[in-house]
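What follows are several structures.
Both of the next two complexes hold subunit A, though its partner changes from subunit B to subunit C.
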Partner chain A sequence: MIAILLKRLGQAAFVAWAVGTVSFLMMRMMSSDMAFRIAAGRYGYDNVDSAAARAVSEELGLDRSAWELYLEWLRDLLHFNLGDSLVSGLPVAHEVGHFLGHSLFLAFVALVLAALLALPVGIYSAVRAHGWFDRLALFASTILRAQPVFVIGLILLLVFALELKLLPVAGFYDLRFVVLPAVALALALAAVSNRVVRHSAFDVIHSAFFRFARVKGLSYGQTFARHGLRNMAVPVIAFMGIQLVSLIEGIVMIESLFSWPGIGHGLAHAIFSRDVPMIQGAALAMGLIFVGLNLVIDIACYVIDPRGRAQA
Partner chain B sequence: MNGAQDAVSETGSTMSGARLASNGSRTSVRRVWAHLATGQKTGALMIGALILFALLEALLHPADPALQNLDNTFAAPSWGEPLGTDQFGRSMLARMGEAVRISMFLGLLCTLSSALVGVGLGVLAGWRQGAADRLVSFFVNILLALPGLVLILLMAALAPGSLTMLYVAISLVLWVEYFRVVRAVTRTAVASPQMQASRMLGFGTLYCFKRHVWPAIVTPVLTLAAFGAANSILALAAVGFVYVGLQPPTAELGLMMVELFPYYSDAPWVLAQPVLAVFLMIFAFNLLAGRARR
Partner chain C sequence: MSGRFATDRPFWRCLLGMIGLCLLAGCSPNQDPDQLTLGGPFEFTSQDPSRDGYVYTRMQVAETLLDVDDQGNFLPGLATDWHASDDGLTWTLTLRDGVRFHDGTPMDAAAVVNALRMARLKPGVIAKAPIEGIEEAGPSTVTVTLARPYALLPAVLAHFSAAILSPASFHGEGQVDWMYGTGPYQIRSFEPPHSLVVERFDDYWGEPAHIESAAYLTGHRAESRALQVMAGQTDIIYTLDPASLDLLTRHEDVAVHSDTIPRTIQIKLNASHPFMAERDARRAMSLALDRASLVRQVMRVPDSQANQLAPPAMADWHRDDLPELAHDPEQARQLLTGLGWTPGDDGILQRDGERFELEMITYADRPELMVIATVVQAQWRDVGIDLSVQVVNASAIPRKHLDGSLETAVVARNYGNIADPLGVFLADYGDGGSGEWGAMGWHNDDVPALLKAMQATTDPAVYRRDAQRVSAILAAEMPVIPLAYYTQQTAVSDRVLDFSFDPYERNYRLSEMRFQEQ
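Our next item is the complex of A and B:
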């Protein structure tokens, strides 16, 4: 348990250092160009001249020595002092906090929807392995996973928002706005995970302990509930840990597509306008969420399956 | 990237691949082809057709993909413009040709370099173990702390619109997959009784590698390579889609999708083209990677 915590803590520290260094390099490599773009971000592209860019450069102290700035930068990072957004002028920590809530909400709804889709489909495919339902599920999964998540979102957007006008297009004002982005994410996640659930359930159903439970007189349903679920849970949960990568990557894409006011949209937007402190804050938040969720998965596996504890 | 999850669900991989590997390096192209499953053949044919399209377009269709003709926007497909024109009257055939060329070129290049680095370091770490293993594994562990796409976005932001930077970033994310798989397989291969016997009989390192290690890693590496190509094409389209990758007027599939999206009701067939191209490329590489059969 301690080892798991230490490993993830080390990763979290790395995320902070890597994001800090990359954003610092970004700051240095584009200093002339950057002052111009920040000025453009502030005043609009039509109102920018080199005087405005120089003013921005002096205000931000872009002309001091590199090492001095780097160490100062890292020290600020350790104190979670993320500075102010270069575009809006508001503290980054405040903006990131605002984004974070929306992203976590979207991720949570998407994960729940994905589980509601993948678990029944996967388990039923395993029970009726090689039947028409199993084949249909395989076909649908193959088609869906050959699709980038933003194309799934694009198609949902075209059909349900623009053609049928059933749901709003983009932004976030009430609960109806979460439907399309969450469904798009959930479809992409479930496309892969229903097959993992199926394989895991298939192995359990065809195992010796499962047959033994049936022989000693339990009904199929009882056997599955008592011996099936827990045994198939470990591979499925471990796999969810791997899928977190696609979840976080999917969030960047889907938030940009639906203008969802979350961290992924914030990151893409900040990169586009070269708002380095915002890039740093958003990337840091995404990395830390990722490490944190991985920790949750590790602990879940630890609690469900006592067998791995000796090694862990 | 989702290579890891693919590898997890595909570890069974293909029976044909395993047989191919055990036959050693004597296999000709024809024998490799005979060992592929039907789905893999379909995938290979689709990839061949896409590459052929991209190359033939460059040779036979001299139109400039960035040349605008504002009198002729959203022309329907015709003999002169088989794929129609976009919102600036640019030839969609020329643009699709360029886009498929960029995606395929980048995908194959990233796959090649990440496979070379990943396999090389994986064999080294799995065989020598000790300090080399700990050092590389340490870097891998820290690389895995950030989701791949976030890392690619950050690096793409360092040099906006640079294909070279995207190539470096995508390869940097992809090699980890090969390293982890190859390292694990090499460890077991090196510890196997067969390998011990070869060592005791006095065979050299190169012979042991060719006889015991290479056959064990070639199948998973080929599977990973097919997924890796799909993932790099996906990553390129993804950064283009959020406007951080290649910049206009370059014809890039993800970028084309965002640019054409506002006009979906005027010309749905134009928006459908990049969407279909991305789908076909990823689908073809997924097919080529093969599927676990139970």
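Our next item is the complex of A and C:
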């Protein structure tokens, strides 16, 4: 257990350095117009001109050498200081925190909804494998997975906001606002994960140990609860971890469609206006989230599956 | 086998839960009965007037010394009187009595001098003005001294970047932590870059606002903005995309307001480029364009085609005697043939072994520009010009102007950015005929000389005469090709009364709006 923790901590430090360095290098490579981009981000397209770009460049010292800027960032990072946004002038940690809080909340709700959808559908499909429900679930999953997530979002908007007027279209003022973006993401996630659950459960149900448990006299429900769930959980949990990558991918589109102030959207706009500290901060936060999630998954698998403990 | 159905229970429970959640959500209406909700495409990142000041003047949090009416005339704002000395070097402003900032402090000469000095620290129109000093000349009198006569000063003082905030709003080098303005609304919550909520300020010096609070939400995608108003979630949506207009005009509870604003969609081109250096080449490029169809089919605002740069509302600059710009591809081809161009095998013109191929850039901030660029691409293709279209960041236009790599660009130029269009014409044609957002590689001595003289003039008749001459030269020489006058499309829900649109986009006039009695 401690070994897992130490390993992930080392990874986190490496990710922090690597992600920041790579985003710095990438922005330098495309940054011939950095001062202009920042000026456009700050003052708007009606007011961007060379005078504004010059003022930005002087204020931020953009003509300093890349090494100097990079070392400054690295020194600040070691002091846990992410710097200030070049566009808004606010501390990056504050901005990223604001975006990240909204994204994590949305992602959490989406994941819970996805699990609530995928687990029952997947398990029932496995129990009644090759039945009409299984086929219907496969069909629906294929259709949903084939859509870009913003199409799902748009359809939900048309039905629930425009026709039924049950839910608001965009914003983030109270809990009602999270329903549509979270359901859109959850549907996209559940479309794949219900199939993973189904296969995992199918394998367990048709395994020798499952049949043995039935033979020794346990009811179906008892067998499933005691021997089925735990065995099928490991691949499902590992998969859900991987799925978070596609969650982050979908979240950029969904955040922009629903005006949700999340990290994906914040990162995209920081790239448009070459706000390097924001890009580094946002990428760093996302990188650390992946490390953190892997840790959570490791621990979950460690707790669920006794076989791994001997190695760890 | 009854135990097998145990797995059904969580499924149905979850389904019921989901339905329940939706029903619960349906119990509360989508709109707060006391809050006006607005949406538009622009984001804001700070409360600094030099950066996002327009957001706060539009939401009526911040006010300026001078106001502007729909025709571009100056009205008293926080200053009740302003006049220049005879030599034009000293302006004296008398401040309005009894004005309080949102933090309760009075707006006096000291506060105004402080706010203007802070504004001058940052890039923008006020930093470019030849101001030598801003001083208190009494408890409610401020003087501005200039290095040279500068007729644009009232327009500069009416610009959002010169909004008057209380001294407590600033710290350090003009940083604004929290804005205390003087407007009928004060900031209640500020969540950049998406949401701003303002509430009525009860000690407002003028007519208090009817509606208690207003919330602005940034909507990045034009289709979701249109959906917001159709779904009854949002009262007013600014800057609609052309594709949503048909849908919205058919919607019963929503009215679409179309207002012309002093913004012109125009083609900026590099007149020193060998293909576009001859005036006839630029005329041919203009003749190839079917502006009437463009505004009808693409922008969905019939009769908004432009025949010159200044829109009709700018009476001093707009020339009534100029004819429509004709659409005549045949004549365009003849002009180009006269310049030595002949069609190659692929239909694209060739001259001395060179293909007539150009790049056009535009930016995504105004939703119709990309579509317009592709229409220009198709229409120029028709006369043998091969155009490639690139969508870039708006800042690429001044940047590529400076490094000389710009060939053509579609831009929406805001002639009302400051209330006197002279400022924009100076920026666009003042530097030997060129400017970062205006002409490029075009050399002319008369236009900059006229513009420079207008800066010092105080006689409206002289101003008008010179403005008309500038417009005539630009129309004849065509260093920039006008396309269409911009029409601002706004969707307004039926429950909002007394909606009006400020063509200078300075003020959303929320305080004048009321809700329909229900």
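By definition in this document, the second predicted complex is superposed on the first by the 295 of 312 C-alpha atoms of A that agree within 3 Å, B and C clash if a C-alpha of one lies under 4 Å from a C-alpha of the other, contacts with A are read in each partner's own complex, and residues count from 1 in each chain.
Methods note: a residue touches a chain if its C-beta (ideal position, glycine included) is under 8 Å from a C-beta of that chain, and two chains touch if they have at least 3 such contacts.
Just so you know, these numbers come straight off a predicted model, no measurement behind them.
Q: Look at A:Ala3 in the shared chain and tell me whether it touches subunit B only, subunit C only, both, or neither; answer first, second, both or neither.
A: It touches nothing on subunit B or subunit C.
Q: Does the superposition put A:Ser256 against subunit B (first), subunit C (second), both, or neither?
A: both
Q: Which partner does A:Leu71 contact after superposing on A: first (subunit B), second (subunit C), both, neither?
A: neither
Q: May I ask you to decide whether A:Ser88 touches subunit B, subunit C, both, or neither, giving the answer as first, second, both or neither?
A: Only subunit C; A:Ser88 stays clear of subunit B.
Q: May I ask you to decide whether A:Pro148 touches subunit B, subunit C, both, or neither, giving the answer as first, second, both or neither?
A: Once the two structures are laid over each other on A, A:Pro148 reaches subunit B alone.
Q: After superposition on the shared chain, which partner residues are touched by A:Leu162: those of subunit B (first), subunit C (second), both, or neither?
A: Both subunit B and subunit C are touched by A:Leu162.
Q: Using the superposition on chain A described above, determine whether A:Phe272 touches subunit B (first), subunit C (second), both, or neither.
A: So A:Phe272 meets both subunit B and subunit C here.
Q: Check the contacts made with subunit A and report whether subunit B or subunit C touches more of its residues.
A: C
Q: Name the contact category of A:Leu116: first (subunit B only), second (subunit C only), both, or neither.
A: second
Q: Shared contact residues on subunit A for subunit B and subunit C?
A: Common to the two interfaces on subunit A: residues 154, 158, 162, 256-257, 272.
Q: For subunit A, which residues count as touching subunit C in their complex?
A: Touching subunit C: residues 33, 36-37, 39-56, 85, 87-90, 98, 113, 116-117, 119-121, 123-124, 127, 154, 157-158, 160-162, 164-173, 176, 179, 219-222, 224, 256-259, 261, 265-266, 269, 272-273 of subunit A.
Q: In the complex, go through subunit C and note every residue touching subunit A.
A: Per the stated touch rule, the residues are 1, 3-4, 6-8, 10-11, 14, 17-18, 21-23, 25-26, 28, 30, 39, 42-43, 45-46, 48, 50-52, 54, 122-124, 127-128, 175, 191-195, 215, 217-221, 223-225, 227-228, 230-234, 363, 365, 393-396, 398-399, 402, 414, 417, 427, 436-437.
Q: Note which residues of subunit A are touching subunit B in the complex, please.
A: Result: residues 7, 10-12, 14-15, 18-19, 22-23, 25-26, 29, 129, 142-143, 145-148, 150-151, 154, 158, 162, 192, 195-196, 199, 202, 239, 242-246, 248-249, 252-253, 256-257, 267-268, 271-272, 274, 279, 283, 286-287, 290-291 of subunit A touch subunit B.
Q: If we count contacts the way the header does, which residues on subunit B are in touch with subunit A in the complex?
A: 1-2, 4-6, 8-9, 141-142, 144-150, 153-159, 234, 237-238, 241-244, 254, 257, 261, 264-265, 275, 278-279, 282-283, 286, 292, 294
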